[in-house]
Amino acid sequence: MKLYKKRDVAIISAAATKCGEHWDKGLKDLAWEAGVKAVEEAGISGKDIEYLVVGNMSGGMFVGQEHIGALVADFLGLNPIPSLRVEGACASGGIAFFQGYMAVASGLYDIVAVGGVEKMTDVEQEHATTALSGAMDFEWEAYFGATFPGIYALMARRYMHEYGLKKETLAKVAVKNHYHGSMNFLAHFRNRISLDEALYAPMVADPLGKYDCCPISDGAALVILAPLEIARKYTDTPIIVKSSAMASDTLSLLKRRDICTLDATVHAAEKAFRLAHIERSQVNLIEVHDCFTIAEILAIEDLGFAKKGEGWKMCDEGQTYVGGNLPVNTDGGLKASGHPVGATGVKQIVEIVKQLRGEVERGRQVNNAEVGLAHNVGGSGATAVVTILARG
Amino acid sequence: MSHIAPPAHWRRAKERYRLLGSKCENCGSTFFPPTKVCPKCRRKGKIAQTEFSGKGKIYSYTIIHSAPKMFEKYTPYILALVELEEGPKVMSQIVDCKPEEVKIGMDVEACFRKLFEQDGEGVISYGFKFRPADNSWKTSY
Amino acid sequence: MRVGIVGYGVYIPRYRIRVEDIARVWGHDAGSIKSGLDVIEKSVPSLDEDTATLAVEAARNALKRAKDVKPSEIGAVYVGSESHPYAVKPTAATVAEALGIVPNTTAADLEFACKAATAGIQACMGLVRGGYIKYGMSVGADTAQCAPGDALEYTASAGAAAYIIGGENLVAEIEDTFSYTQDVPDFWRREGSLYPRHGGRFTGEPAYFEHVIKASKGLMEKLGTNVSDYNYVVFHMPNGKFPLRAAKILGFTTEHIQPSLVVEVIGNTYSGSSLLGLAAVLDVAKAGERILLTSYGSGAGSDSFSIRVTDLIEERRNLAPPVKYYVERKEYIDYALYARNRCLYRG
């Protein structure tokens, strides 16, 4: 095997902005807010940061801004350090983390900041939808009238056909995520919803209704990485990065081996667990990429926490609530906590870090959590990043 | 998607008009969308263009209620993954069919329709869509 | 050298609107309209159908019937229409591309109100007989425009018919053709106008009847045939009344024209009209039977053809859906949906 991991890496601070419609904040303001919070938390000076990686999906389409690596470095006062923007649709944040992790693990840099930012609400919803549709195959999917909810609806319909999933269970996923989100001060939506509200909401792409779909949010998140051996200089509660793995698949759904499985997730998860030397049974909570309710069910299976075709039963039985066998999306997930696309992957890491430190709001804190997993997906599954974190 | 320039329509027009895909003359595998390599044969593969019959079955479907601007006037419309009789799947709208009539496994056949117009003055995009297969004319008339 | 029809195919969209549903919107008396026009309903295209898509569907059916013809052997493609999707950019090239006829072919859009496609057939006949091409294709297709509330709204419909012309493997031989043309302002649409205007009753005697009768007579004189030599007669069908009356003037019976009268249930498909009528006749005619076809295009002119059905018709006509299939395949929509499909709301 290749020399993959040179040294252990820890997260020394993690921060996120509230997600939602930040009318008064632009992309730079959001990145600045998350960055300052993280730097203050670590008690370090910006001068200590040697390298910056920023996840951002479509600054160009959303706010007419590219060149986001240098831009964020400028705004955080980090010039002249090297700074890089990475893009992998909704997995941009997860990829940024993977890149930052490699930079520290390889020994190239010690202190690395990994951010994610997206400003989505400056454009009309229809324009945002158009920007997001760039994550699927343009020539053979979007060109023929496919939309993102439509792609996931095709997966959901087939899954229902093959495994007996009912729309009620999809609704239960949304209800659970809104319940968790209601206790998260940073969530986009903090309202609880009833099963009927979710079940009888207006259709977006049948069988997916309004509550099966995540919102369009503004938001940013930033974490700071350091080699484990020096992490305690900055924090009493370093969180160890046990592994971070990434995999890819076809952009277009029509070329997939099985549309009810995200093979990229399967591959990334296998690798992440293998590298971390951790069993599924040791994981106390997971943050999965629930851009649509069906995606949460598929993620539970593809990450290996349930057999194919049976993940929905865990959701149906309520095992995915905080207090259940496998708490899923304790921050409300993309559905309730929000989905600022390029920031989401980093925001998920922030949630796991806070959970492992026992720092989240009462009611949604998983007791004595030792190991958490974050799962970030781009498009309909062409990119997946799985990161396993543990208490130091 | 933002404005699509004429060459971007034109480049794929043949394939969209006639449902052209690829066939590996080495192993017989068929592909859609058209491909440049056979993933099975790799270097030994010999890729040629092939025209699909246009017959297939609905593998999965959805009814799109919320669509990008250029498809807005067609909502609600049926979007499906169609499994062609030759094997590959295509993503396509299903027309001449009510949303409540569409089913997984339904036999469909390709037809030629307008895909979208970006505005009243721009290029019109044409291509395949699918409709419920109807062979009643072979026996009833 | 013989020349004639090697394959034919039609297409009619599946939506229909009844005369009653249109009359209710405008406060007209449906009963008198129906009896005045002999039309009870008309075909309406889907939102995603236009003249190009209709023409492609019909052309594909024609190619199925002309089963020995390879697309690459078709040396000319003409599409006659007064609703070409583009003012400049040929529908014919789209049809040629969609059928795989490209690139070694000539193609052009033709416009002569409702008769452009019969002019296309004549062009193909000349090219075939002159030895310039092996086969040619002429398609008549329209998604006919009409101003909301205008009398035309009761009949202006959508449909297409495609003919492959060649010198061998004929399902019907074209014995001869004769045309009659004059400058007559009975119906027109100016560049940039959405809807056509027309001369009301002026479209009758000096326009439709003058040309249809004279062209038909001219053809029979040229060939030395008379009414008794024909089993069927087919005319352009702006409504159900005009072709019946033209038949009567020429001495044909209702039986001669009835098999072609699809106008009552699909309306006036403009450039597709007389050629859809001819297809309906080819769907039922026996080998050896003769057909007199006369188109009409406002502005004004008629092309007349004497056609003799061959033995090959029996095996070929079942290779693609007949006119009757498309006529009976239908779904009714109300005026609101019709207005949506025809984009009558502009905003």
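For clarity, chains are labelled A, B and C in written order, and residue numbers in each chain start from 1.
To be clear about the criterion, a contact is a pair of C-beta atoms (placed from the backbone, for glycine too) under 8 Å apart; a residue touches a chain by one contact, two chains touch by 3 or more.
Please read all numbers here as calculations on a predicted model, not as lab measurements.
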| item | value |
| --- | --- |
| By mean Cα position, the chain sitting nearest the middle | B |
| Of all other chains, the one whose Cα centre sits farthest from chain A | C |
| Interchain centroid distance [CA atoms averaged], chain A/chain B, Å | 33 |
| Chain centre separation (chain B, chain C; CA means) in Å | 29 |
| Separation of mean Cα positions, chain C and chain A [Å, integer] | 59 |
| Per-residue overlap in chain B, given as positions that touch at least 2 other chains | 74, 93, 115, 129 |
| Of chain C, residues touching chain B in the complex | 14, 46-50, 52-53, 56-57, 60, 85-86, 94, 97-100, 283, 318, 321-322, 324-325, 329, 340 |
| Contact footprint of chain C on chain B as seen in their complex | 13-14, 17-18, 51, 73-74, 93, 95-96, 111-115, 124, 126, 129, 134, 136-138, 140-141 |
| Chain B contact footprint on chain A (complex, rising order) | 61, 126, 129-130, 133-134, 137-147, 149-150, 153-158, 161, 202-208, 252-255, 259 |
| Chain A contact footprint on chain B (complex, rising order) | 1-2, 12, 16, 32-33, 59-69, 71-72, 74, 76-77, 79-81, 88-93, 99, 104, 115-116, 125, 127, 129 |
